[in-house]
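Chain naming follows the written order as A, B, C and D, and within any one chain the residues start at number 1.
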Amino acid sequence: MDAAFFTAWLAECAAVVAAHRDRLTELDAAIGDADHGANLTRGFTAIQEAAVPARAPADDPTPTPAPTSGSPLPPGKVVSAAGSLLIRKVGGASGPLYGTALRSMGQALGDAPQVSPADLATALEAGVVAVERLGKAAVGDKTMIDALRPAAAALALAVQDGVKLEEALDRAAAAAEAGARATAPLRARKGRASYLGERSEGHEDPGAASAALLVRALHTVAARW
Amino acid sequence: MDAAFFTAWLAECAAVVAAHRDRLTELDAAIGDADHGANLTRGFTAIQEAAVPARAPADDPTPTPAPTSGSPLPPGKVVSAAGSLLIRKVGGASGPLYGTALRSMGQALGDAPQVSPADLATALEAGVVAVERLGKAAVGDKTMIDALRPAAAALALAVQDGVKLEEALDRAAAAAEAGARATAPLRARKGRASYLGERSEGHEDPGAASAALLVRALHTVAARW
Amino acid sequence: MKKLLNDPGDAVADALAGLAAAHPGLRVDVAERVVYRATMTPGKVGLVSGGGSGHEPLHAGFVGYGMLDAACPGEVFTSPVPDQIVQATTAGHGGAGVVHIVKNYTGDVLNFELAAELCAEEGVEVASVLVDDDVAVQDSLYTAGRRGTGATLFVEKIAGALAEAGAPLAEVAATAQLVNGRSRSFGVALSSCTVPSAGKATFALPADQVELGIGIHGEPGRSRAGMGTARELAGLAMDAVHGDLPLEGDLLVLVNGMGGTPLLELYVIFAEVEAYIRGKGARVSRSLVGSYVTSLDMQGFSVSVCRLTDELERLWDAPVETPGLRWGR
Amino acid sequence: MKKLLNDPGDAVADALAGLAAAHPGLRVDVAERVVYRATMTPGKVGLVSGGGSGHEPLHAGFVGYGMLDAACPGEVFTSPVPDQIVQATTAGHGGAGVVHIVKNYTGDVLNFELAAELCAEEGVEVASVLVDDDVAVQDSLYTAGRRGTGATLFVEKIAGALAEAGAPLAEVAATAQLVNGRSRSFGVALSSCTVPSAGKATFALPADQVELGIGIHGEPGRSRAGMGTARELAGLAMDAVHGDLPLEGDLLVLVNGMGGTPLLELYVIFAEVEAYIRGKGARVSRSLVGSYVTSLDMQGFSVSVCRLTDELERLWDAPVETPGLRWGR
C-alpha cells in the first residue's frame, strides 16, 4: 500500500461517514448528545478539503493536510496529518480520540513509502493502544474500543496467518462490526452514555458504530486496489 | 322582584359562567388571549363568596358584598355591590365593563325595595349605556355590546307592550343570543380581537357570548320565580 | 400542559413569593399583588406600571433604583384591578406625583383610568402615559389602537432615570411619551403559548409556518407566513418597523425573546437586525438581547427600536438596579 | 425543527456575530471562535473557559470584568478544539498564568488537556480546574464521573473575582476547586431539546412525564417520572442535592432555566427551593433566578447550590460586568 491507498481510505471514510451521518446522530441521540454524525462529517470533510491543494510546502511546520494521490508524502505522514486535522476540527470526545488514533497509526507507519499488511496491522494496533491510553476505556465499556480492539486483533491474526490483504481487512471489519453490534446490550462505563446508567442498555454505541465504518472503509479500498 | 331575585340572578350567573368557562376561554383563544372564562369565573365566584357572610355592617363604606336572600339591602345595592366586586376582582377589559354595567344598573334601581319590569328595563338600559360610554363600542364592533344592546331594546319593547316578565326576559335573552351569534362573521373594531383585523372574522366574540349567558340567567331566574 | 407550577390558579401568587424570596431589594405584597422597592425615595416622582402576568421580567422585575417604584401584576394576561393600582400608586407617591405607564390594551386602560380617578380623589396627582409601539396593528378608528409591547421597557428605563434625577412629574411624563413616540416594535411567533388557566395552547401553528405581527398575549398575529431563515424573519420585522418609522441616526435596539426562545437564536437575529440597520445608514448605538417582555412559553422574538437623542441615550446609560435590568451599580 | 437560524451549520458563527455586534466590551474572533474581553489586564491571572455551544449565556456571555478573560465556544454540544483553547489561553495570559475551567465531559477534558500541553510548550503556565457538580451521576469507576453543569457559573464568577483582585495562579485555581467541591446540582427536563444539526428532538417525552437528572446536552436523564407539581419536582431535585451534600449554613442558590422555560415558572420553583432550604435549617444567602446554563430550547430547570464561606460570599458580591451577569459596575 502506498500513500494513494491511504488517501483513498480517507476519502472513503468521508463518504461513508456522510452517508451514515443521520444514523450515527440518532445513535448518539439515544444515549449521548446527538452530534456524533455531525462531528465526524465535519472532521472527514475537512480532511478532504485540505487534501485538494495537493502537496504542502516541505518546510511548513503545521500539520500537513493529506495529499492527493501521487504526492511525495509517505503513507505515515498522510495518515498522521489527517489525525491532526481531526483534532483541530472535530472537538468533542471523538475528535481527540480518532485524531490520536490516526496520528499514532501514522507515527507507527513512519517514513516508509510502502506499507505491508504487517505494517498496517502494527499501525492499527498502535492506534488502538493510543485510544485506550487516552480514553482509558477497555473492551466492554461500550465505546469505540469495543469495535477497534477486535479489529486490530483480527487483522494481526490474519496477517500472521498469511491471509491476503483484502481478506484480512474483511476479517478486521467483520470483527469491528460484530464488536459494535455487541455494544447494544452493554451498560456504558465511559463517555456520555455512562451518565445514563442502566438506561444506556439496549442501544448500540455511536462511536463503536462509526469505528466499524472506518475499518470497513479500509477493506472497501483494499477490495478495489 | 326583590333583592332575593337579584341575589338568585348573581348565583345563576356564577353557575352558568362556570359551566361555560371553557367555551368562553376557547372563544377568547381564537381572537383574544384565552382568559375570558377564567376572568368571569373569578369575578362571579368572588361575588358568591362575598355573599356568604350575609349582611355587611351598615356603616361600612367599602363596596358591600351582595347579601344572601332575606337581607335588608335593596335590589339596587345588591346589584351595584356585585358590580364593584367585579371591578375589584376581574381585571382585564371585561372586569371594568361588566362591573360598570352592574353598578349603573344598581344606581338606576336606586333604593326601592321592589323592582318592576319597567324598572328592570330602565336599569338594563342604563347599564348598557354605561358600557357603551366606557368602552366606546357600538353594535357591530364585535363586542359584548352586540348582545347587550339588543337585549336592552328587546326588554324595553316587551315591557312597553305589557308582556309578562318571564316572557319579556326570554325575548331579551333571545335577542342577546342572536346578537352574540351575529358577531361571528364581523370584523372586530374594539378590544383585542381588533388586532387581528380580518382574521377576527368567523369567530363569535367571547364577551358577546358571556353577555348572552348573563341575560339568559335573568330569564332563568324569572322562570322559576 | 406541562409547566413548573403548583395549582395553575396560584401561578401568579407562587411566582411572587419566589420573587420576594430572591430579591431583598423588593418588598412584595403577595396577597394584594403589589411589588415595591424596599426603600422608597421621598420627594421623587413615582413610577408605577403593571399589567397582566406572563410577561416576566416585565413589570415586577423592573422595580428598583432607576426604574419603577412599584408594579402590580394581574392574573396571567389580565390587567390588574384598580385596587392594586391604587395601592401601588399610593406607595409610589413620594409627594411629587406618580406616572402610570400603561400598555395600550382596553383592559389596562380601563383599570388604570379607574385607579387614577380613585388616586385623584385621594389627592395623589397621576399622569398617565400610554405605550403603543406595535406597528403590526393599524392605528385607526377600526382598532383599539396599537398595542404596548417591547418599548415599554424603554419607557420604564428612561423615565425611571429621569425621575431618579429629580425631574418633576410633567417632565417625566413628557419624556416617557417622547420615548414611546420614537419607538416601534414588531413580533414573530414560532409557536403558541399555553395560558395556565386554559391548560392548552392558544393556537396551533404548523411546523412550517410562523405568525407575523403577534403581540404579547399569545394572540395570533396579523398573518401567517411560511417559516423563513433568521435573515428573512428579521427582515420582515425590520421592514415593518422601518416602514412606519424610518431608521435614522443612533438607535436603541431590543431583540427580545418571547419566553421560550434560546439566547443563541436571539443573537442570530440580532446579527441580522444590526446588519439591516447598517444597511439603512443608521446605527445601533445601544442594544439589549434577551427575554424581557415575554408571552409565557411562546417561542419567537420581537424587535423594538427607539430613535435616540443625546438626552435619551444619557438616560438609558444611567445606573439601574432591578432584578431584570442592572448596570452602573 | 423551527429555529431562528440561517443555515443550521452556521448557528454558532452567526450567534457569535450577533454577540460581537451587541457587546462592545467583547472582542470576538468569529472565524476562530474565540471571545475575549476588549481590553485585557496585564499581570492578572487569566481565566479561560469553553465548551460546546447551546448553553448560552455560558461561557461567552461570562467574558468580562470580574469573570472570564476569554471563552471558546465549540459547535453545538461539542467541546472546542485545542486550537481555539490555545488561542484563548495565549490571549488570556497576562504573564501570571491561566486557569482553565473545564466542565467534566470526556470531550472537554481531552481537548483542554491537549491544549494545555501545547500551551505549556509555548511557555504559558496553565492550571486546570474540573467542574463536576451534577449529583445525578454516580461518581464511580463505572462512569465518566459527574458532569459539570450549573456550578460552572459559580466557579467562573468567584474565581474571576479573585483573579481580578490580583491573586496568584495557584490561589485562583484552588478557590475555583473549592467552589466546585462545595457545589452540587440537579436538573429536571419537561421536554427534549433539538440540536440544529440533528434537526429533530433528541428524545420524546410523553405529556405526563419528566426526565430526572438531566445534564445540559439534551441527553435523557437518569430516570423518568410522572409530571409533578413545582413543589414535588423541586423537592426531588433538592432531595438529590441534600442527600449528597447536606444543606447547611449560608447558601448560594441558582434556579436555572434550561433555555425554553419562562421566568414565571423559575420563580415558582425558586419559592419551593427556598422553602425547602429553610426547612432544612439552612439559609439562602445569595441567589440567582434565570436561564444561565442552558440546553438549547429544552424546557425544565436545574438547581445549583454552593455552601458559602464569608470569603466566597465576598467574592460572589464583587463587581462583575459581562453580557450575562452584571452588578457593582
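Note that in this section a residue touches a chain if its C-beta (ideal position, glycine included) is under 8 Å from a C-beta of that chain, and two chains touch if they have at least 3 such contacts.
Here the structure is a predicted model, which is why all the values come from computation and not from measurement.
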Query = Tell me, which chains sit next to both chain A and chain B?
reply = none
Remark   = Taking each chain's mean CA coordinate, chain B and chain C are separated, in whole Å, by 32
Task = Could you grab the centroid distance between chain C and chain D? Build each centroid from C-alpha atoms only and quote it in angstrom.
result = 29
Task = Provide the C-alpha centroid distance between chain B and chain D, rounded to the nearest whole angstrom.
result = 54
Message = Which category does the touching pattern between chains fall into here: line, ring, star, complete, or other?
response = line
Query = What pairs of chains are touching here?
reply = A-D, B-C, C-D
Ask   = Can you name the residues of chain A that touch chain D in the complex?
value = 25, 29-35, 37-39, 42, 87-97, 134-135, 187, 189-192, 194-197, 199
Remark   = chain A partner, complex, touching residues on chain D are 52, 74-83, 105-107, 110-111, 114, 136-138, 141-144, 147, 195, 197-198, 202-203, 215, 217-220, 222-223
In the complex, chain D residues that touch chain C = 2-7, 11-12, 14-19, 21-22, 53-54, 56-57, 61, 190-191, 207, 210, 227, 229-231, 233, 259-272, 274, 284, 287, 289, 291, 294, 296-297, 299, 301, 321, 323, 326-329
